[in-house]
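Chain lettering (A, B and C) follows the sequence in which the chains are written, and residue indices restart at 1 in each chain.
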Amino acid sequence: MLDSTSHLNGAPFLKDENQGLYEPSPRFKNLAKVCEYSSKSNTAVAAAIPYFQEWREAAHQIKKYSLANLDKLLVQFECNMKARGVEVLFAQDAAEANRLVLEIAREHNVKSVVKAKSMVTEEMELNHVLEGAGIRAIETDLGEYIVQLAKQRPIHLVTPAMHFSADEVGQLFHEKLGEPYSAEHAALTAIARKRLRAEYLAADMGVSGCNFAVADSGTVVVVENEGNAGLSTSTPPVHVVLVGIEKIIPKIDYLPLFLNLLGRSGTGQKLTTYTHLIHGPAPGKKLYVIFLDNGRTKVLQDPHAWESLFCIRCGACLNACPVYRRVGGWSYGWVYPGPIGSVLTPHLVGLEKAGKLPFASSLCGACGEVCPVKIDLPHQLVHLRHRAVNEPSPMNSTFERLQWKLWAWAMGGPRRYGLAMWAVRIGVRMAKFLPWHPDKLGAWTRGRELPKVPSHSFRSWWQERSSKKGKS
Amino acid sequence: MSSRDVILQRIRSGLTNAVAAGFGDLREPPVPEVWPRTNPESATLVSQFRTEMESLSGESILCPTMADARWQLAQLMQTAPWPRLGSLDRPLTRELTADLPVDRVDWVTSDWTPPQIEQLPAGLITADALLADTGSCVVHCSKATERLMCYLPPVCVVVARVNQLAEHLPAAWGPISKTCAAKDSQGEIVLITGPSRTADIEKILILGVHGPKRLVVLLVG
Amino acid sequence: MFIPCYIDQFYPGIGEAMVRILDRLGVPVVFPAEQTCCGQPAFNSGYWEESRPVIRQFCKVFAPYRWIISPSGSCTAMCRVFFPHVDSSEEVLTVSRRVFEFSEFLVDMLGVTDTGATFPHKVTMHIGCHGRRELGVFDHPLKLLQSVRGLTYCELPNMEECCGFGGTFSVKMPGTSLAMGQSKKENIVRSGAEIVVSGDISCLMHIGGMLKRDPATRHIRIMHLAEILDAGIQPGVRS
């Protein structure tokens, strides 16, 4: 998959995985059930709070303001953190971020790294890079630990191993770790706890992401339930934070709002078990914060696309999406699945590679309805569709454009319209005599009957009625 | 030009488009209230805190006096059993452990190593504030050992006074905000809301995956 | 009236029912015969430039009218919400604002929740996503349905989930579209209804097509809300 020169460049876009978008797999039956349950209960939680809609609007405005002042806020954050002895670095792309991490690892003679969950490090494929340099990289979030052992990509933003049954985890732990087989959840969790404790205590460096980087106070905010982020970042002597530039918020006083939104939208919790507000290194420890661009500044060139950078990575849109529920995370080909993935991936990886993603949606709008920062995801999707057919991308098709031009011509007036509809009616009537249905017709009749063609159209009924009544 | 400057420049050029498109000149949004202040009575706060903790599978013990608290701690140590208790050195923890035999309490100082802390059967810490609406403990940890005491021992015991209870996070926010903004702050403030948990396998909830399996709050007063 | 092409050609009865209902309510109805389409299929496919002349034609045809009513949530959403994305000229914006979905017009503009209909059947309701989420049309069709005499309302489980039609989505991503439709079909069966009604016959073409394909569900009929609201009216009854 990765050749020796490209291994630094971050996660490749796996185009072939997109096939999964078109044909849902029965293996995701559990995923669908779990997502549906999560979405329903989280919606109920939100509905019970009278202020929830106000919160969403306030968060939306704050995120907008943050982006509008992004350069100033980054500098402010940097200044405040530096004053506490934190090293703040900037990486233009995944390759540079990987190089920076390797440099830090070399400087501190790092042999093993414990990692808390971070989507940005997935963009970088940091684990591969570290392994390539002879450094052990261990994912500590239980779900990430499982998919790492299985050498798979995560299936979901918040529950990475949702597609694994307990039996499958038991077999995995038995095969890869030599542990006695068990399909009991408590026993499996205990195995992970035992193994990972040893890793925490031996690790030379901890890597985490960052949910919010607060500019005015200089604070790195990390939320989690397992305690793995707390341990990964406090046991080793060095802690490296990887964070996207868009995660900045201006004021610490905005934090209670975001914490109240994030827990509930992500997992239906009031607050996650551990909410870390990190000011700087503890005495004797070293803290680095690396900001990653990796295509985010490109998004800022288009004011209509800004909203996609508001995302706080809660996963609510995934749970709500009827498409994601059935096709799972891998089909999106890159780091971010679901509706936000269909928007962010084309922006960050380019429409040329990911142009199909915005079309993998019925535009039902369930995602936009649940987004805690009110990203209008359906509007972002149609906006990207427009770009995809006009810029270099797999969806830019001269043939299709001609078809739509012809269609627009047919819709140009009542007579042309009448002609086109006459042809359609004939086609539908004849369809049952055809031995095989081509292309779009076949795509319809694959699972559905065609509608009956009635004896008259509405227009003809109206004409008759009008002439009877003497009206026009 | 450094990457820092390249990125900042790219941001600035992107933002000029925004100004042209009418997105510029936004005023700093006001700090939203989030939750209204209703200033409930102490008894209400205690009850709410305890209910929340229970729903999180945490344990809370109400001790009307310090003597009660000492007795409760002794009971905990006997029942578990914990041959010894590791504790951070604070006035409140000193008070709480005053009548325990000297060899039953290990005072965790900043030179303790992670493996040493990991060996403790239980750890005792204090909270800087408690949040009633979420059942949370607000803990300031400037030293590494203070952070580790929250996560490493399999049981985390928190001792706090009833008058440290706040209605919700906004009500307790003042001191938190101040510490975050202070130039000489080190380490972290952590909001601990129940014992460690995961639902990563089939969405079945399991406690104590990495952090403590048991969280016990001794509420004094 | 704005009668979408698929209703004009395949379900004229819906338009006819709408005319009769509005007639009874004393609303003067006109059908401008030069109308063709709102442009949604091209728009949703990203071909906005190609949809522009169709949108302009629409706005030209409907410019003289104060109220433009359509028995389709998705077509109405295209007009009211998405026209401005393609063309923000005054001519387009003026018309765009005046387009209303049929049930929303009855309830919000006319204050009518009872059309005097009788329909003694077991009916479940599917609410199209564009109507629900882009227009906020959710209570309106339910209120109207629940006023129909003799009707047994069967609640549809997981009502808020998309049926999988999504316009061209149904033929561009048929596997996923059918999987979503399958869930909707199962929920319809669970509701115990004999008839599925919606304010969007486009969704029902897909759902109905699947119901018809399966011998076990072939008996379940699809109907548009307007047809039910026009059913069993006693002569002389005014609501």
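Operating definition for what follows: a contact is a pair of C-beta atoms (placed from the backbone, for glycine too) under 8 Å apart; a residue touches a chain by one contact, two chains touch by 3 or more.
Here the structure is a predicted model, which is why all the values come from computation and not from measurement.
The largest tally of C-beta contacts between two chains is found for A-B. For chain C, the chain with the farthest CA centroid is B.
Overall, the chain located most centrally, as judged by its C-alpha mean against the mean of all protein C-alpha atoms, is A. Once the centre of each chain is set as its mean CA position, chain A and chain C turn out to be 32 Å apart.
Chain B and chain C have centres, each the mean of its CA atoms, that are 53 Å apart. Averaged C-alpha coordinates put the centre of chain A at 30 Å from the centre of chain B. Partner chain A is touched in their complex by these residues of chain C: 3, 5, 7-16, 19, 31, 33-37, 39, 41-51, 53-54, 57, 82, 85, 129-130, 132-134, 158, 160-162, 164-167, 169-181, 183, 205-206, 208-210, 212-213. Across the interface of their complex, chain C is touched by residues 21-24, 36, 322-323, 326-327, 359-366, 368-369, 378-379, 382-383, 385-390, 395, 400-401, 404-405, 407-408, 411-414, 417, 421, 424-425, 440, 443-444, 446-454, 456-463, 465 of chain A.
Note for the complex: chain A touches chain B at residues 30, 34, 37, 51, 54-55, 58, 61-62, 64-65, 68, 70-71, 74-75, 80, 83-84, 89-92, 96, 140-143, 146, 159-162, 164-166, 169, 185-186, 188-189, 192-193, 196-197, 200-201, 214, 216-219, 225-228, 230-231, 234-235, 245, 250-254, 256-257, 259-260, 269-285, 291, 293, 297-304, 306.
If you check the complex, the residues on chain B that touch chain A are 2-4, 6-8, 10-15, 17-18, 21, 23-24, 26-29, 31-32, 34-35, 52, 56, 110, 114-115, 118, 133-134, 136, 141-144, 146-148, 150-152, 169-170, 173, 176-177, 179-204, 206, 208-212.
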